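Both of the next two complexes hold chain A, though its partner changes from chain B to chain C.
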Partner chain A sequence: MVNAFDLVWLIAALPFLSFVVSVTVGRWLPKEGALPGIAATAGSLALSLWAFLTVRSSGAHYENELYTWIDAGGFELTFGVLVDPLSSMMLVLVSLVAFLVHVFSMGYMNDDELHREKGGFPRYYAGLGLFSASMLAFVFSSNLLMAFMFFELVGLCSWILIGFWFREEAPPSAAKKAFLVTRFGDYFFLVGVVGILVTFGTSGFADGGFPQIASHFLETGEGADHIWVPGDLDTQTWFSILGLLVLGGVIGKSAQFPLHTWLPDAMEGPTPVSALIHAATMVAAGVYLVARMFGFYAGLPTVLAIIAFIGGFTALFAASMGVVKDDIKQVLAYSTISQYGYMMLALGVGGYVAASFHLLNHAFFKALLFLGAGAVIVATHHHQDMWKLGGLKREMPVTYYTFLAGSLALAGIVPFSGFWSKDEVLYDALLIGLEQPLFLAAYAMGLLAVFLTGFYTFRMVFLTFHGEPRSEHAEHPEPLRWNTKGPLAVLGVLATVTGLLNMKPVAELIGNHDILYLENWLDSGTAANGGEWMGSLTYHHYGHLVHEVAGLHEGSPPPSAELAPIVFGAISLSLALGGALLAKSIYDVPEPERMTDRLGPVGRVVQRNYYLDEFQVWLATGVTEPVARASNTFDQGIIDGAVNATSSVSLFSGERVRRIQSGAVTNYVLVIVMSLIVFVVAVGIVGGWFL
Partner chain B sequence: MALDTLGGEDWFLHLAPALVMIATALALFGVDALDPDSTNHRAVFGVTLAGTLAALGSAIALLFGMGPELGTTLFSDQLVADEASLLFTLIVTSVTSLVVLGSYDYLEDLPDKGEFYSLLLLAATGMVLMAHANSLATVFVALELASLPSYALVSFLTDNRGSVEGGLKYFLIGALSSAVFVYGISLVYAATGSLLLSDVGTAVTEGVDQTGVLGLGVLLMVAGFGFKIASVPFHFWAPDAYEGAPAPISGFVSSASKAAGFLIAFRVFTTAFPLGAMQDAGIDWVFVFGVLAVLTMLLGNLAAATQDEVKRMLAYSSIAHAGYVLIALAALKSGGAHNDWVLAGGMLHLFVYGFMNTGAFLFVALAEHWDVGRTFEDYAGLGEEAPVASAAVTVLLFSLAGLPVGGGFWSKFMLFGGAIQNGFWWFAAIGLAASALSLFYYWRLIRALWIDQPTDGGHELDGTPTGLYVAVLVAALVTVGLLVGVGPVAEVAFDAAGNLVG
Partner chain C sequence: MTVPVEWYLVLSAAVFCIGIFGILTRRNALIFLISVELMLNAANINLVAFSHFYGNATGQVFALFTIGLAAAEVAIGIGIILVLTRNFGEADVTLPTEMRW
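Moving on, here comes the complex of A and B:
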């Protein structure tokens, strides 16, 4: 019988096949590549579900050596698969979102007149296929090196798709920026991969891999002979350096401060691509990577604190910029950065389940919001400035209600999905923060961001859908077909209900932990029916590491343990509602006004994104360029000078060599015989034959 | 005595690739006798290609363990069948297949096609036997069997001065070298009393009275090998012969013949002249090979850098590559822990080189077929007119230089890495510097293909030389494929090297 685990590779191979089909024969197909893409991602979804169910029934699957790329004796570089609760969940999520995005793209690209004029659909669907394939392969990667390769492919695909309309001015530049900024982070990642391979001799994720070796050493001090440490460096310090190097790639891809600047620009790509990038692929890859190798991070308190702090800060910082944007996609872009900040915060405080939970919920509601925004954009003939929209509620009910569901989830209003996960993130941060003030600061920033999130989310909803239409396009939007509405409806339902998977406050209140389905799922390291034991990948194990090895203990919250989740849930809910109500009072009026001008200089700073782009440009032109110029002078003058000197010497002596080859056989024979005699005499004298 | 008892168990299976090629060559003689003008080129070509592919297939099958167990000797220890012999049989048969494929278009307007193919097959048979040779007698016979048809093949273009002259020089120097080589063998026999490699080895280990005789014999044999592998200063025939020969033959002689020459050098020097005993006796052949390696790397690359003609540049580049592979012998150390690594690096490089170099020469054959011209300037603009072939040769050239676009990267990596591990870092340093220099002249061709503008408005490329195209592409694909799939080949090379240096 065929086992689901034997077919895991097909999950990535199918979209790759659709990429090949679109590239080669796409232009002759009826929908120019959309149909193979849809079929492939549907196949991936089915296989992912099968793998998920198989993990449920018979435990995880780990095979690190499906293909050995290089066997260098000391260590091997291999490709393999790791299907455990985390990756099987992620596979389902990614393939589902990819499938819906493919379907939606038919409505967004193929049915739209302007997009038809611009053309290039086979290239578009090829990009989508390769993007999905790389991400899916990244998700089931069994070791860090393989993950790195597909991580890079994901980056490449985002470059292809963000710059899809390359004949216009902005998209190529945005694509380049996304590529360069994430590449900057990936340099550190690459160094980290090499470092981990050298240190542990393996980059495997699962049992026997580097997270387990590292945490075992940190916990017991055993196995030091198998760990390479440069010089006299303290082993834990070295691990922290490695962790931070890998984190560089994560910060770039997951658009965390200070490498978040590429993401808002990336809105130049087609909107379904934005949905894919933000919900399930590129940006999610960073956070997923931390979760994947969480066993490594969990024992390193310094790195955890940095992750938590970056996360909390990014959550607040990005939310503040989302407040002042006028473009609907820009608002969503900053909200993405902010939400991934929450996930990082959760991981930094050991909230592995909370982070995965928020990753899951966010994927659905953010895909929904982007596709909703895409629907608005095609319906109103490419208007995305919210001040030119308004009043769309009546004409586009399906879009409105699904978008509303996504917004409620994003803002964190009970009972929509975002509430439950964001609340769990904050509660986990609070528990650690009660013992460690630094984490409390991160928690406070996250909490404050809740208010801003509520505000900007509903500012967006009210400006887009409520009030009176503020332009003629908004007055008569184009009707949409099933292929746009269908994905919206599916995601709308999901955004509403996925929160029920892990209702922590309710579970604490009624004292029944069985309803924490996600937590139990991510904790199921035991193999049910002969599958492999994955004890080192469980939530339990991670919690143990965070508390005992990294020394981050949970404090006890002021009210009793049963009530505390409810109390703090209520606090964040009221903040979110407060933000939403403030937005309602300002923007849900017939003639809303621009408030940003009234904010004065502060508003300007925020509107210019805290001048971070300018700062990075200055870094490039003001610092890097002079340094580069100086090294160029050095290179041209001294290095090249030396090389040129060598090559002219070479060419000169080459001329000489050429002259030996005179063409006359007698000369050849003479030289050969003479050399032979020289050899015999020389070796004979040295070897003492003539004595 | 029946062949069965004489040959040893399953001898015909062990020697299947050689037997298939001999049979094909004989069949060609038959066809040629009936149809002396080779009017039916297609049939002759088909038979030859089928024969070489069958030989290639049987070599692969044997390597995958589908035949009898390896590591036995045949015909009273005269021949040996092990991983090394199979690996080099694989090199020779794949190069021969590529060359046959490329020759179809090349020979189109030439007479005596049947002779060409049968000579090619006989030379290849000689090379395969070289890979199996286990005694100095069979070494010599196999070497001659490989060489004599090669002389004829190099001068095959009887109307072309360069070809005839190159062939004659090749023959004259070859005759001299054979004489030197066989004299060396006789001296070794005089000193040790045996021709069997393992017996010579035992005698040397036990101690030889006439050290001077043995030493002179060894050095004369070095000269013989130096001729076969075109190492400086025994290389003089090579540029003239490679340049004058029909381009597919240049590829054949510079890849397959060189690989076979190297294998017997590996085998003879590791088995018959064990390093420790020889150094104790004052016959330090490692030192000699070190000098040859450095000379060959430097002179080969320097000369290649100053050439104006593409084919001659490739001829010198082929000499330079012999220099890299010589490191495999020069970096051996008595009791060294990484001897197998070094030797495996050399074998791997010969394997990859077989494809890279044959492909490059076949591209020159393609250019000759189109009458493009000989110099770098003549090749200008070909990139646009023949993009596929140009892309393929670009990959091949970069891989020859050792850039990580093909298997050439891994083989140089292993060679230099092994040399460093064995404590001979200077070989690696010189090899790296030489490789950097080689990039300069490979780049000249690549620049001509893709960047330079043709001087006289481009070439008129007529005809579709499918065979040449396929051969160049296959060579490029295998080279690139070896970047990813080098593992299995490297494993075989390690096994083969491990058997030799134990």
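Moving on, here comes the complex of A and C:
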């Protein structure tokens, strides 16, 4: 019988095959490459589900080497597959979203008149295929080096797809920005990968890999002989440096402050691509990487604090910008940054389950929202400005209700999925924050962001779907076909129900922890061969590390342990509802007003994204460029100058010295004779002949 | 009574210096050639004198070689002087100065 685990590599190989097919023969196929992509991602989805169910039924982890790249005697660089609860869950999620995006793309790109004229679909589907393939391979990577390679490939694909309409002005520049900004972070990641390989001699994730070696050392102090540390640096400090270097790549990819600026610009790409980037690939890759090597981070309190603080700050910071945007895709872009901030916050406080849970829920509801926005955009002939939409509720009921489900999930309204995961994130942050004030600040920022999230989400819903149509196109939207409605319906259902996977407040209240399916899922694990306990990848192990090794203890919340989750869940729910109701009172009227103008200078600053883009441009032109120019001057003037001076001195002296060559034989003879005489006299003086 | 070897050396040095003096002061290529012959023969005197001094015939044999060499040298030298005269009209060694940088 064929084992599901032996076919895991096919999950990434199938979309790659569709990429090859689209590139080579795509333009002669019906639908120009859409069908192979759909078939391939459907195959990946089926295989992922199979692997998922196999992990579930056998409780098995699976690790296998596929290919040894470099074998340097005791030091190997390999490509391998690691399937455990986390990666199998992520495989299902990524392949599902990729599949739905492929289906939706057929409606968004191929059926749409405006896009039909522009063409280039084989290139589009090739990009989608490669994007899915590299993300899926990234997800099942068994070591950090392989993960890094596919991480880079994901970045490359985002560049291809964001700049898909390369003949226009904005998309290529947005693509370049995305590429460069994430590459800036990836630079640190690469240094971190090399550092980890040098330090531990391995970059594997599973048992025996670097997270286990590191946490084992931090816990017991054993195994120091196998750990290389530069100079007399403290080992934990060195681990923290490595962790922060890898975190650089995470911050770039997951669009965390201050490297988030590429993401809103990336909205220039086709909308289904935005859905894929935001929900399942690219942006998710960063957070997934932290979760993947969480055993490494969990023992480092400094790094955890930085992760939590960046996450909390980004959640609030991005939400504040989402409030003032007029473009529906821009609002969604900032909401993505904000939501990934929550995941980082969760990881920073050791909420491994909460982060994975939010990653899962966010993937569904954000894919849903982007596809819904795409449906609106395609129906209204590419109007993205919410002030030109409105009143679409009547004409587009399927889109409206699914979009509403996604919005409720995003805003965190019970019982939609986002509520449960966001609440768990905040509750985990609060428990740690009660003991450590810094984490409490991160929690407070996250909590404040809940209000803003509720506000901007429903501002978007009301402006787009409620009220009266504010433009001709919004009045008569194009009808949509099954290939746009189908994915919306599937995601709408998922966004509504996935929250039931891990209802922490309910579980605490009724005292039944069996209903925490996700937590139990991420806590399971035995090795496939030999049945050995893969203890280093479980939530239990991570929790132990965070509490005992990193020393982040949970405080006890004010009411009893059973009631506290409910109480704090109610607080965040009321904040979200407050934001939603405020949005309703302002924008759910027949003639909504632009409130952003009344915000005065503050509004302008927020609307210009706190001038961060300008600041980064200034960094490039005002700081980097003068430094580069100064180094250029130094190089040309001092370094090259020294070389040139040497050569011109020899040239000049050579020019002078050669004048003694007269060409007359007599002169040469004279020189020879005189030299001989001088030599003999010199030898005589030294030899003492004349004394 | 034999002549002491030092005298031969003094004679040889004197002939050699006359040769050098000729090369340094004269401009005629023929005189040049003659001066070079003088220097060569100064060396020959040395060879023969030492050969006699040590009672060993090798030096005298070597002097024969030098005489043969001098003959060849004169043949080439005369040829060069002929070309020189043909190109410049006279055999002045300071005239051809093209062979420099």
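Note that the second predicted complex is superposed on the first by the 621 of 691 C-alpha atoms of A that agree within 3 Å, B and C clash if a C-alpha of one lies under 4 Å from a C-alpha of the other, contacts with A are read in each partner's own complex, and residues count from 1 in each chain.
Note that a residue touches a chain if its C-beta (ideal position, glycine included) is under 8 Å from a C-beta of that chain, and two chains touch if they have at least 3 such contacts.
Not measured: the values here are computed from a predicted model.
Once the two complexes are overlaid on the shared chain, A:Val681 sits clear of chain B and of chain C alike. Legend: residue contacts after superposition of the two complexes on their common chain; A:Thr68 is shown touching chain B, with no touch to chain C. When the two structures are aligned on the shared chain, A:Tyr668 is found in touch with chain B, with no touch to chain C. The partner of chain A that touches more of its residues, comparing chain B with chain C, is B. In the superposition on chain A, A:Trp689 makes contact with chain B only, not with chain C. Chain A uses residues 658, 661, 663, 665, 669 to touch chain B in one structure and chain C in the other. Residue ranges on chain A touching chain C, taken from their complex, read 658, 661-666, 669-670, 673. The touching residues of chain A, counted against chain B in their complex, run 68-71, 647, 650-651, 653-655, 657-658, 661, 663, 665, 668-669, 671-672, 675-676, 679-680, 683-684, 686-690.
Residues 168-169, 172-173, 176-177, 180, 211-212, 215-216, 219-220, 222-223, 233-234, 236-237, 239-240, 281-284, 287-288, 291, 299, 301-307, 437, 440, 484, 486-487, 491 of chain B are the ones that touch chain A when the two sit in their complex. Looking at the complex, you find that chain C touches chain A at residues 20, 23-24, 27, 93-94, 96-101.
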